[in-house]
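Here chain A shows up in two complexes: once beside chain B, once beside chain C.
On to the complex of A and B.
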C-alpha cells in the first residue's frame, strides 16, 4: 500500500489572509493525500477552508492570501514556490479544476468548441483541425448528444448540465492526473447532479485519474468517494475511509453533521437535529479546539488546548480530546 | 442519458436578443446614413463630375469670381474671397477631417486601449503607475497642448493626428481598464488560467473582446471631438498649411466676410456640425444597443 507515493501530498498547509485588522488563518495545518486513481472528498460548511485549500493546490493563492507554511507535492514535485511559467505547465496538464457555476466559467462570447480547442493547443502541438477533432471526441466522451453540432454553439445555447459537461471536457482536455471539482454540482438540479457525478465516476475509471471533490453535501461524499476529509474552521478534524466515517464517526462534529441528515425513517413532525451556534470567526480563534463552543462533549481541556489530528487507527485520523465511542468496538 | 436538444429556458432570451438585433433602429440608421453620405461625398470629391478644382481661384486662372452667392452658375454653393468653389473646398476639406478623425481615434484607441487593458488586468503596481501617469495627462487642457504640439512638430497630417490622439489616450485607457477589471474577476478568466493559458493569451482572447465594444463606441464620440479639434487648430492657423482646404481654415478665411458673404463660413460650418452631431447620435445609438444586448446575457 505504501510502496507507491501518493499523487498529491499536502502537508501542514497554512494559508493566511493578511488584512488591515490582523490576519485570518483560513487554512490551518491541513494535511491530506490523494493516491493515483483515488477519489477523496473534502467536506465542510461555508468558510471551513475547503475551497481555499483547493485553490491553493491550484496555485491560486493571490494576495492578500499567502501560504504561510506547509508543502504541496504533486507526484513528488514541490508545488509551493513555483514560478508562473512553471505553474502553466502544471495547470491543465497535471491538475485541472471544475467550478461550481459552469455558466460563469465559460466565456459567453466564445463557442464551446473553440474554448476546448484552445485549452488543448496550449499543452500539445496539435493542429487546429486535430484539436477540433479532439474537442468533438471530448464532448462525445462527456455524453453530449450531437457533439459535432454542439462544438459550434455558445454557452448560452446549452443547458446547465451540458455546460458542466463542457467544463468537464475542458478540464479533461489534456489528460490531467488530478481533477479538483469545487462544488461541481451545487448549481445544478438534483437529477442533473446525479448524472454529472455518475459521469465523473465513469471518466475517472476510464482515464485513471484521481478526483478531489470539494462539497458541502455530505450525501454526495458518501456515494462517490473512497476517503473523506472533514474540515471545520480551517482544519481537518477527521479523515477516514468513506464507509467507516459514515458508520462510525469519531469526531463529535462529524457525528453532529451525520445526525443532521434527514432520513426516510426519521420520525415525522419532529425538528431535525441541528448544530447549535455558528462556526467561529477565523480571525478570533481560541487556543482550544475550534469546535469546543458548539460541542456537547467539550471539557476544560477542549477550551484551552487544541487537539492535533492524529492517526488513531490505520487510515483514520481525528482531532479530538473526547471522541465519540466507536460503535465497532462495542 | 437523454438530454433535451434545446433547453427552452436557455433558448428564450437568445431568440429575444436576435429579433432585437434585426429590427432597424432609427437611432442608428439616421445618423449612420447621414455620415455615410457625407463621407462618400468627401471621399469621392476628386472624381465627382462638375466639381471644380478646390484650389482654382481668381489668382490662378479659375473662372469663378470672388464671393459668389449660393446657386451661382457653376458654383452651387458660391465661392470664397479668392473665387474658389465652396462646395468643392468643403468636400475636399472633409477628407482631411475624416483622415484626422479616424487616424487619431485609431492611434489613441490602440495605445490607450492597450495600456488600459494591461493595467486593469495586471493590477497592482503596473496599474498604479500607468494610470497615475495618464491621470496627469488628463489634467492638461487638451486644446492648448494640442496647439503646442502642433506648433512644435509643424503642420502635417501625421503630426495633427498625433497631437489630437495624444490627449485622448487617458480616456481610452480608463475605459479599457474599467472593462478589464470587471472581466478579470470573472470565472471564465480564472478557468482559462487554470487550463494553463498565458496572460497574453487571456488578454487577447478573453479580455479584449469584452472591452472592444465600449472602446469603439467611445471612439465614435472622440472622433467627433477630434474633428472639432482639427477644425479649431486649422481655424487658429496651426492645422494643415494652405491652400489645402480644411473646414477650420475655411471658416477662418470667411470670418471677415461674415456680414456680406456668410455662406463662406456657413457651408463648412454646417458640414462640421452635421458630421459631429451624427457621430454623437450614432455613438449613443450603438451604446443603447450594446447595453440592451449586454443585459440579456
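On to the complex of A and C.
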C-alpha cells in the first residue's frame, strides 16, 4: 500500500452551532481524507452538513458555529487552533474554494481582474503589473475569450458560466494543493455545468491539485470523482471508491438514494421510489442511528445504539448495523 | 440612464410650478393685508387703497400668480414688502451662508460617522460598538436647540468660540469658519447619528449576508481590509441616498440653528419674513428650497451613476 500521508486528513470533526435554545451539532464525528491529486465527492441532501464541513476545513466557520472537537491536518500540519493570521496564510494559498452561486460570489463593484489580482498579491511577491499579467493568464486558462478585455470588466457584464470560470481562476491563482468546490454547478444550466466540471477536471490534471467536490447531485459525483463520502444528518455514513459505491452500496441510505435516481430503463409514468419521511432535527438527535426512523432494515439495536463508521473492507467503510448484502459476494 | 436623468430634470418643472402655486395660495389665505405691511399700521385708507392698486392686489389671485410666475421665469422674484429690496438679491445673499453651514455640517458628520461605523462593525456588541450606538441615539433624540445650547456651554465658552453672530467668508475666512463651526456642529450631531446607524446597519448586513465577503475571506483577506476595500464601496449607496435626503431637509431645517446662533442664512430670512408677513420673501425662499431639493436628488442620481458600475455600464449600452 502507499505510505505517503494523505494531503488532507479530517478526524472526528464535530462542529456545533450554539443557539439560544440549545446547540445544534451540524457536523458530528466526521472523518475523511483526500490524497494528493485525488478527487473526492461529499454527497448528501440539504442540511446533511456537507457545506459546513467544507467551510470548516477552509477555516470559514464563524460564530455561532465552532469546532467542538476533532482535527484537520493539511499536509501533516494541524489547522484546528490556528490564529486568524495563520489561517489567512492557508486560505487562498494552500486551500481555495469555489462557491455555489457565481452571481453572488464576486464583488459587484470591483473589476474581476482586480479581484483576482488581490489574491495573487496577498500570497505572492508579484508586483502589481505581474499580478495583472497573471490574472490575464488565468482567465485565458479558464477559457475566457478576450481575457485582456475581460480583466477590466465587472461581474455583471459576464454570464453565470463566465463568472464561475472567473471564480475558478481566482481559486487557482495561487496554485492551491486542495480545491474545495461547494456545489459549483448547482446555479448553472445543464450544458454549462458540464463545461465547468470538465474544465475543473482538466485544470486539476494540469496542476496536480486535489479536489473536494461538495454536491447533492449523485450523477456528478459518479462521473467526476475517485472516492465518495455520503453524509447524512451531520455524519459520514458510507465511503467507498466511486465505482464500487454505485455498483454495490452497503448502507441502506446510500442504496435508497441510488434507487431514487430516475433511469431510462425504468418504466414511464411509474412513481419514483422516494425515501419516506424527512431527515431528523439536528437539535434532537436520538442515541441510535440517525437514519433508523426512515430505514426499512432498522431493528431495536438501530434505535438505541449508533453504529460507528468502520472500515469493513479495504477503502470501504460504512456505519450500519444491518448493511445491504453485497452483490459482489454472491 | 441618460433618459432617466433627463426625466429627473424634467421633474423640476411640475415641482416648481406646484410648490410655488401652493405657497402662493396659502400665503394668500394668511390674515393681514400686505398693503398694511408696507405702510405700517395707522396708514390712511386712501394710501392703503393706492398701494393696493399699485401692487395689483385688486387683481384676481390667479392673475397675480401669473404675474409673479412670469417675473420668476426672468429671475425676478418680486420685492420685499418690508425693505423694498429685490427678493432675488436677498436670497443670493443668504443662500451661500446656509450652504456653507450645511456643507460643513455634512463634512463633520461624515468624518466622524465613517470611522465610528467601521470600527463598530469590527466587533459588533463590543463596548465601543455599544457606546457608539448610545451616541447615535443621543444624537437623534436631542432636539437641535438643546444640542446648540449644550455646545455653547461645553465648546464655545471654554474654547472661546463665538456663540452668535456671523462674519462673511469674504471679510475674514478664519473668523468666518469660527463663526460657522458651532451652528454646523449642532446640525452635524443629528446627521452623524443617522449616517452612523445607516452605514453600520448596511455594513453588518453585507458582512453577514453577502457571499462575496465569504469569497474575500476564502482568498485570505483580513477582516479590516474586507470592510474597507470590499464592503464599504457597496455600502456607500444607501449612505449617499440618506445624505441627499438630509441635504434637502437641512435647507429648510436650518431655521432653528440659524435663529439660535443669529446666522443670516436662508432659514433665518424665511422665519423673519413669516413674522413680518413679508409674503413675497417667503414665497421666494420656499421656491428656492424646493428647486434645490430636486437638484440635490438629481446630483445624488448622478453620483450613483458615477460610482456604481452596474448603472454606469447600463448607460453605455443604451
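In the analysis below, the second predicted complex is superposed on the first by the 328 of 330 C-alpha atoms of A that agree within 3 Å, B and C clash if a C-alpha of one lies under 4 Å from a C-alpha of the other, contacts with A are read in each partner's own complex, and residues count from 1 in each chain.
The rule we apply is simple: a residue touches a chain if its C-beta (ideal position, glycine included) is under 8 Å from a C-beta of that chain, and two chains touch if they have at least 3 such contacts.
Keep in mind the model is a prediction, meaning the values are calculated, not measured.
Superposition of the two complexes onto chain A shows a clash between chain B and chain C. In the overlay built on the shared chain, the residue A:169 is in contact with neither chain B nor chain C. Of the two partner chains placed around the shared chain by superposition, chain B and chain C are both touched by A:89.
By the document's definition of touching, of the two partners only chain B reaches A:195; chain C does not. Once the two complexes are overlaid on the shared chain, A:282 sits clear of chain B and of chain C alike.
In the superposed model, A:159 lies in contact with chain B only, and not with chain C. Shared-chain residue A:143: touches chain B; no touch with chain C. In the three-chain model built by superposing on chain A, chain C overlaps with chain B at stretch 23-31, while the rest of 5-13, 23-31 or 77-85 show no clash.
Residues 58, 60, 87-93, 96-97, 99, 101, 104-110, 118-119, 122-123, 156-157, 167, 170-171 of chain A lie at the contact with chain B in one complex and at the contact with chain C in the other. Chain B contributes residues 1, 3-7, 9-11, 13-14, 186-188, 190-198, 201, 205-206, 209-210, 297 to its touches with chain A in the complex.
Residues of chain C that touch chain A in their complex: 210-212, 214-223, 229-230, 233-234, 307-310, 313. Those residues of chain A that touch chain C in the complex are listed here as 58, 60, 84-85, 87-93, 96-97, 99, 101, 104-110, 115, 118-119, 122-123, 154, 156-157, 167, 170-171.
Touching chain B in their complex are the following residues of chain A: 58, 60, 87-93, 96-97, 99, 101, 104-110, 118-119, 122-123, 143-146, 156-162, 167, 170-171, 173-174, 195.
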